[in-house]
Amino acid sequence: MVSRDDIVAWVEALQKVYAENKEYLTDLDAKIGDADHGINLDRGYSAVVKKLAETNPPDVSSVLKTVAMTLISSVGGASGPLYGTLFLRASTACAGKTELAAADIVAIFQAGLDGVLQRGKAQLEDKTMVDALTPAINAMQQALNNGADLKEMLQQGVMAAESGMKGTIPLLAKKGRASYLGERSIGHQDPGATSSYLLLKTAAELWS
Amino acid sequence: MVSRDDIVAWVEALQKVYAENKEYLTDLDAKIGDADHGINLDRGYSAVVKKLAETNPPDVSSVLKTVAMTLISSVGGASGPLYGTLFLRASTACAGKTELAAADIVAIFQAGLDGVLQRGKAQLEDKTMVDALTPAINAMQQALNNGADLKEMLQQGVMAAESGMKGTIPLLAKKGRASYLGERSIGHQDPGATSSYLLLKTAAELWS
Amino acid sequence: MKKLINETANVVKESLAGVGAAHADLVRIDFDSRLVIRADAPKKGKVGIISGGGSGHEPMHGGFVGMGMLDAACAGDVFTSPTPDQMEAATKAVNGGVGVLHIVKNYTGDILNFEMGAELCQAEGIEVVSVVIDDDVAVQDSLYTAGRRGVGTTVIAEKICGASAERGDDLQTVADWCRKVNANGRSMGMALTSCTVPAAGKPTFELGENEMEIGIGIHGEPGRTRMEMKSAKEIVTLMAEAIISDLPFSSGDQVIALVNGMGGTPLIELYLVYNELNQICEAKGMTIARRLVGNYITSLDMAGCSITLVKADAEMLSLWDAPVNTPGLRWGV
Amino acid sequence: MKKLINETANVVKESLAGVGAAHADLVRIDFDSRLVIRADAPKKGKVGIISGGGSGHEPMHGGFVGMGMLDAACAGDVFTSPTPDQMEAATKAVNGGVGVLHIVKNYTGDILNFEMGAELCQAEGIEVVSVVIDDDVAVQDSLYTAGRRGVGTTVIAEKICGASAERGDDLQTVADWCRKVNANGRSMGMALTSCTVPAAGKPTFELGENEMEIGIGIHGEPGRTRMEMKSAKEIVTLMAEAIISDLPFSSGDQVIALVNGMGGTPLIELYLVYNELNQICEAKGMTIARRLVGNYITSLDMAGCSITLVKADAEMLSLWDAPVNTPGLRWGV
């Protein structure tokens, strides 16, 4: 089960992960975007960790909502509203719960992805974060159906996210800044898909 | 004796010499000035050669005057009015003559130098063209006094100009753009002294 | 990276402070929300106009706040869209009771953040209309992509809409002017060098000594093609042809032209570019009725330029000529 | 070298053509003499004002021709003073019968060429007064050297003298304003990168990745000292101290300030610099009563900036505020 404190620990770990990968993500963005994705997330999660410490939200849902609102008001760019929407929908999807079971985890990510799709209007293979999130959630659902426990389920999700992320390399971008490049976007890994993979990987390393 | 055609040949040779040394003179100017001395002279002497061909001035004095006026109206910068004045005074100093003897040559250069000093108000060792011209003219006067012929006299002048030119290297500039550098002007050869040395060297190679 | 800055994290804030100190007669700064607000906002009964986007494009947008142009500009981090709460704060600060126009450049980040900002305002009962500028012909447009970027036409749209609002037009009319300018405006940009984002500390891309990038945006995003360096005449011809054939502009058209520097290209070159552009337009029978030559929508220290043409009718030209008093554009007053 | 140009030999001419095409309402171009002339010159009964110098400093001087500022500008080759015949032609073109002021920046080339130009005019009976601007505190002044360079104060002097001439002051009065602005003006510049003269094709000097040059002029002449890169606060402090202590400026002084970009530095940095300058002036009890922030006297594509302060009394400020309508500076009209 994933508790409120597990969620907080995850978000705090994400702050560290994105700080460590700030240059990596920014370099990926320099290739097909505007060289700021790592900077954006680092700024956002630093703000989130500060906000959580200040406001100390009481339960899972309110933690996720704080993350959402802080990302929305501090990240900017495309990824700010998208990740913000992801956490906002996740927060709504677990309203009232004190702990999240494996099925709840799949449900909040699915709700979050639905929000991302609605806001960003990307489709699979448009070379966005959607290409990491969608296969990951499908794999988690599958694992769950096959009776996997939380840890096993998350590991399946991470593996799928990783191949989804790598699968963005040969794609021609159709959404976001990379789409301006047309053919020249081919051959580069999408930064947002990469940060989404890290999001899941960090969860899998913490929760069990 | 130096005829009208010898003067024209000299000026045409100067055009080639400054074209060949355009980058060299400009590089010298980049070190302590504004990187244009070679460009300026190349532009000026190209205009001079064109003008001489068009107007075909009849005698020594009118050739020198044409050179003067063309340099003044095409070179700009510090060297334009200075070299222009040099040729203008030289023209006046030989008014009416059809040929120039060794003594006349010294006289026209002396008149030219006087003009440069009056206009530019530089003193010896201010790190300018004056530092090449002054010793050259003194050496020519000396040679003349010692009974040297035109060729020998010019060679003495060139040698003195060369050491005057090299002598600008350790000097601290007091006039022209190089003076803005203060101590940092030390260690570089003055571009104007270099172009003045080439002026005399070219004459010595042609006239005898 | 060598820049005249202190901490990279404070570049936007300190630059805004400079704008506020230099132009206190025209604008005030809201440091919390990073807004440049017209000194006398809100103007009761006047349609408010806000715009915004990532910083690094100065004078756009903060330099266009003032009488006859924008009422407020939201400054994002360098090359990063501002956030919805900034748009909400700006909208409230300029709301004169008759609605607010959001002029949004077509970048996913700007679109999404402005969208959320508009939702927040509408939830509080403020009437907001958003118009998206998407004028960059370097980008292929399609229903299935993010579409064209918003570049130079934004400057013209802000001026025209500002004049429309200033003379008392209602929100729909002001928004219609924005749509009309956008529908008639086309742009293309090119770079001789990359820009360097302060927080990144190194050039976004590398160009060889004899290379240029054509079809570049204003964020150091790579362009559509990299090619060997050419003469100004060839470069301008290439850009002008792409622009003119796209609308298409045709003989007899009157246009407003913007020859815009990317930040690192000096005016002597921009006027030379204008000379080429003017000759091309003349040869096609088009008349450049009004023009701007200079740095208006930049990309930090990038060397390069962009060209914008907007087909204009008499009324648009009269709105263009109307007085404007902002840090970056001023006439008639 | 990558620039938006065609043949290097034609850069100045083609750029002038662009200025002429873009601003036909304000100026006309004399291509033979390479002059930018106020469209309605000569103005009978008005003192004429001309200036000029090497090209590469745009908008100065051609961009300052128009109502309330210069009557004509002589464009030399890049970084090379114009020639006496240009000054003669300009003086004749703007002579309204009551004399012409020559505003000359203190460079040997400019001094000598303007001197010969003035002699030519005087020989033809036109009254000419020349005033030399020498405001660069980076250069040690002495009777035995070429003296200080003329830099940013030139822009302020051209505006003030233009207003003085426009209101009908006689030649001596206009010249006195020029001397007064010069006597009260001080400047200093710095570079982050070298400029590249088109005809030379390569940077005039090289600066390391962590170096800057302090006390630079506007021609890519090396400055007084090369030092390690510092923060904007430290750089501005260094420059402002040198300027303020030189006049000296003191508490209670009102000043006109110019934060000037060298051509390759974007506005976001220049406003940040202005913010630092404003804080320093405030701390010293000085008031920046008027200011310009932008590219006004540049050095081709050099990255860097200069700061100019001119101590101003009420009358100077009212001349500053008088209407001006030129390609590069416009207000009140």
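A, B, C and D are the chain letters, set down in written order, and residue numbers restart from 1 in every chain.
Keep in mind that, in the parts below, contacts are C-beta pairs under 8 Å (C-beta built on N, C-alpha and C of every residue); 3 or more make two chains touch, one makes a residue touch a chain.
Because the structure is predicted, anything quoted here is derived from the model rather than measured.
Common neighbours of subunit A and subunit B under the contact rule above are absent.
Subunit B and subunit D have Cα centroids separated by 32 Å.
In this assembly, the C-alpha centroid of subunit A lies 55 Å from the C-alpha centroid of subunit D. Across the assembly, subunit D contributes no residue in contact with two or more other chains.
Taken as a graph of touching chains, this assembly is arranged as a line, each chain contacting the next along an open chain of partners. A complete list of chain pairs in contact reads A-C, B-D, C-D. The touching residues of subunit A, when paired with subunit C in their complex, are 26, 30-36, 39-40, 43, 72-82, 119-120, 174-177, 179-182, 184. Residues 2-6, 11-12, 14-19, 21-22, 55-56, 58-59, 63, 192-193, 209-210, 212, 229, 231-233, 235, 263-275, 278, 288, 291, 293, 295, 298, 300-301, 303-305, 330-333 of subunit D are the ones that touch subunit C when the two sit in their complex.
Considering their complex, residues 54, 76-85, 107-109, 112-113, 115-116, 136, 138-140, 144-146, 149, 197, 199-200, 204-205, 217, 219-222, 224 of subunit D touch subunit B.
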